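Structures follow.
Presented sequentially are two complexes of subunit A, the first with subunit B as partner and the second with subunit C.
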Partner chain A sequence: MNQANINCPNFSLKLETASVLVNKVIDGINRNTMKKRKLVWLELTGCSGNIISLLDGANPDFKSLAAQMVNFIYENSLMVAEGEAAMKKLFSVIGDDYILAVEGAVSTKDDGMHQIIGRWKGQPVTALRAITELGENASHVIAVGTCASDGGISAAKPNPSECVGIQKLLKKKVIKLPGCPCHPDWFMGTLAYIMLCGEPELDDRQRPLMFYSTLIHDICPRRPYFDKGIFASKLGEKTCMFKLGCRGPVTRVDCPLRKWNDGVNWPIGDDSPCIGCAMFGFPDKMEPFISYDTT
Partner chain B sequence: MNNQIFKDMVEANINEINDTIDLLYLTSNSCSKNKLLNSLRKNISNIKTLLQDLQNGASINNSQPNTTKVFTLDELSKYNGKDGNPAYVAVNSIVYDVTNNAAWGGATHFGLTAGRDLTKAFSACHAGEPILSKLKVVGKMAE
Partner chain C sequence: MEIDAVIDSNIVADAKTEGLLFRGFEKMLEGRSPFDAVYFTQRICGICSTAHSMASTMALENAMGIVISQQGRYLRDIIHGCEFLQNHIRHFYQYTAPDFIKLPEGNTLFETEHNDFRLPKHKNDLIVQHYFDSLEISRSSHEMLAILGGKAPHNHGVFIGGITSQATPEKIARLTSMLQNIKQFIVTKMIPDAYTIAQYYKEYFKIGRGYGNLLSFGCFNQYKMLGTLFVNPLEYSNGRMTKLNPAEITENVHSSWYTSKTDTYTPFQTIPDPDVKKSDAYSWVKAPRYRGLPYEVGPLARMWLCGEYRNGISTMDRTIARALEAKKIANIMLVLLKNLIPNISLQEKYEIPQRANGSGLIDTTRGALGHWIKIENKVISFYQIITPSAWNLSTRSQDQLPGPGEKAMIGTTINNTDLPVELGRIIRSFDPCVSCATHVYKKGNLIKTMQVVP
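Let's turn to the complex of A and B:
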């Protein structure tokens, strides 16, 4: 990104959005003007990449979330309880106030029996049952990552386990945070906003505008190359990768600004075209990820 | 899009920007401020897109498109954006050039490839959107 853009107060303010919101929540809790909310995080049919991404968060980091912001009731990769004891904790929230975060799609084939997340009272608990029971009772449901938002990789052709995004199984509105994986800031900022003010302003696909309002192409540091028609012909060249099939022009999120791994880099910064992982229809509709011999 | 429509769209965005700036002076709430800043970005992005179209010489007045060249489906298939060929697509019997259209990275768009009649796909996703008027017309499909 050129120097003029870096100094733009609009950009620097955007980078602070998640940390400002999280700090406001923590401050409110410390002053007893707000209460910690219960948070349930379900890992359904996916790769668990979103919880790994969340653990990699920085400013705000995961510790701020887990220790000072919410009562983390359930997260199967992180919690100490296991087996029936874990399932008991999970279902204990029904009837209470809680926010539900979900990563992964939901397998629907054979009544959901292709994805078992545990056993409760001797019976297998399918992802399908977990989302329908816990989703309808939650105060807010957040789809974390591309699979939960739209089926994503779990629902890619030929989709043998008949996976779907969670909105297809719930009557209530699902706030969607697509991205493979979801950036820690997108989740923590959205969660903090819900705790402070309720539902954030969403676009027509239920994505929070504070993170998903900008096309990657519009704020891409290589945009001047596109405008001048200077295109990379192979990977590794530092110019615009549009001719190689870059999906930045159709993908709406703020990666060029926020970057990943504590702001170190992002795909285009390392000479890889955007593959549109935060766009609905990924991966099937974003393929081919790389094209050669284009005009 | 003719000049008057272009002017009206820019003016509408500028009016919205002025209103948003007025509101920014009044708010101290960071949530509201972020909403207003997002609104400003949207307006700026709209204006940038309009200017880009103007600079690219995209057909501002498409009332008389170049439809002298007539394509069969077989001919159209050659213009797939590969091996030195430009990328053309047909919608409602008009053939458009998408070679340098930003949304057509690698001559593909949401799983669709250039060199085909995409009338059905277009109406399923973009019906009512003023997208086609920004594209260069290169001919029409054979009856």
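Let's turn to the complex of A and C:
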């Protein structure tokens, strides 16, 4: 995979992964040994949950990203420019070096007319057009969240807008960070790794191993209950929620260690089962989320 | 979203608000487990996901005939309050303030073409400082949410009976302390900043009124012991306030890209089919109506209806009402936290009925939100969602009456038709969240097609 490089620590499931990598980047930029890269954040057919989650990032936070790490060119809700001026900034990166982060799936029905992200030179810019033009020209493409990775909830049965994950539309390899939403550390760590060393080591579903190498079930603090056969019969109990339909046994990601919102909690810590939101096939293949009838 | 405005001699002669994203959540929900709707519908919007878990859970409880305990309500409402705070703080600093203050140069995200910035440098710089400080405060609101609700966005806590986990004394103490810190920020920075901006942009108290019809489904209200801490279901029009009757709510798709046997329908009646080729339609947003009329919903509507803010109805009044409401919500949450009894288990083993109908109507950050569910053979057979942004950014029905956001723009004087900064300011005062408006999403960035009449 990546050649040995002093800047490229080999992380396997460490809580501090993201902050160590980001601090190396910021340090490199401050010492002029690295330069800021251009970042474009494209929001397609989704719910904005991933940008909100990124704003919830604390270790390090959004301000470090925008002020010290990258030259943030485009993010539809945070940028001040609007209308054609915003579209001009977006398309100005083509031909330049930039990293593309995408949240949301791509609606393909009726040539993409179920999602228009703006108007450029009088023509509607569909999500479909935006991803194909900006995706192939980017140095790296990061799918942020489950919708961009695999279609997610935007492509849920019967998929009325015919949504697909972005890899389906691109020849270029997409680095996938599934999760509904994506944890801010997963994105910040991946972005920093790309800036330091290029593409991180990925599994066969294009997910960085540093965040997605383990099953929730294997590192779940409630695993001892599972091993002893002690199961919760309703939400709110402190034992193993396998029989309520917990998807921890099939979901690969580091939630039990990392937790959410600056590490304060996570779904199982809230006495509710994992619903497999970071898993390929979410939501359809992860349903029912809650079941009292499992035996 | 896009605004299509016709400007004649510097006056907005006509304006259309266009929602340009469709996903079709209501169709997706058919055939799924009713319990899953609580988690599924949150994915309509990452900014107000808790709102959907609230309405969805209430619709389920209504369908299942479950009356939850007051402790369950307190806990759930505290989670909901956290979302209000996160939203209001982000909306004011990250989405509203940049329309009026000049953010630091040298950052591409902050570049803008217009130059209507009026604050003296020291006042401008102070709000810029608060813009960055607020990132930590809104983040902290979501941390509070996650303490009781597992994570944010898309919480796991809100469920039938109240929430899934219990409030321990440690959690209550930590939440109270975090909330005091957030309240301190709102009182000492956010509210003064709103008034500072208002002082330099006074004409915005006269711009963007709309109809003046206001509506709320109620929230933080009718507790058994605590009474109503915020607002009951009410509507206000023609200077008169009356109790809200949910039977008067309809939706209309005359100007939206949907076809249906009937253009106007009640929530339980039908879900129209998407039709992107429909002529004369211009948006994915439908048109909710009360007694056939367009109504504004949101913080200003609530603060007006409960009698706490009666200065006026305008772009700037919306912004001030939002900041004042943030303080109001923080105070309500402190009362609820004080009334919590720790370590109470709220969950039971619930059984889905063979067949039932239910509705969940509640005011959320952006205004009145309704979920309507029908269950057949233990699965969802029908699901209707009417969101706050659909009320505010609604399209026209047969009568051609503009939606509240459209009405608010029409008649406005535009100083520079090349850079109509007024339109963005007016529409952002409604806190548009167009993802949910069409049960789809596209937030914040306003694209204008200006048709300037010679």
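The criterion applied here is as follows: the second predicted complex is superposed on the first by the 282 of 295 C-alpha atoms of A that agree within 3 Å, B and C clash if a C-alpha of one lies under 4 Å from a C-alpha of the other, contacts with A are read in each partner's own complex, and residues count from 1 in each chain.
One rule holds for everything that comes next: a residue touches a chain if its C-beta (ideal position, glycine included) is under 8 Å from a C-beta of that chain, and two chains touch if they have at least 3 such contacts.
It should be emphasised that the depicted structure is a prediction, and the values quoted were computed from it without experimental measurement.
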item: Combined model on subunit A: subunit C and subunit B, fit or clash; value: fit
item: Per-residue contact with subunit A, leading partner among subunit C and subunit B; value: C
item: First (subunit B), second (subunit C), both or neither touched by A:Leu55; value: second
item: Partner chain in contact with A:Pro288 - subunit B first, subunit C second, else both or neither; value: both
item: Which of subunit B and subunit C A:Val264 touches, first, second, both or neither; value: second
item: First, second, both or neither for A:Ser272, with subunit B first and subunit C second; value: second
item: Subunit B versus subunit C as contact partner of A:Val250, first or second or both or neither; value: first
item: Subunit C versus subunit B - closest C-alpha approach in the superposed model, Å; value: 12
item: Intersection of the subunit A residues that touch subunit B with those that touch subunit C; value: 287-288, 290-291
item: List of subunit C residues in touch with subunit A within their complex; value: 2, 20-24, 27-28, 31-33, 35-36, 39-40, 43-47, 49, 90, 94-95, 98, 103, 107-113, 132, 135-136, 138-139, 142-143, 145-157, 159, 164-166, 274, 276-277, 284, 345-351, 424, 435, 440-449
item: Residues of subunit B touching subunit A in the complex; value: 30-31, 34-35, 37-38, 40-42, 45, 48, 52, 81-87, 99-100, 102-103, 105-111
item: Subunit A to subunit C touching residues, read off their complex; value: 43, 45-53, 55-58, 61-63, 66-67, 71-87, 89, 104, 107, 109-110, 113-119, 124, 152-154, 156-161, 163, 180-181, 233-237, 260-262, 264-272, 275, 277, 283, 287-292
item: Residues of subunit A that touch subunit B when the two form their complex; value: 10, 13-14, 17, 20-21, 24, 193, 196-197, 201, 209-210, 213-215, 217-218, 226-227, 229, 241-250, 273, 281, 284-288, 290-291, 293-295
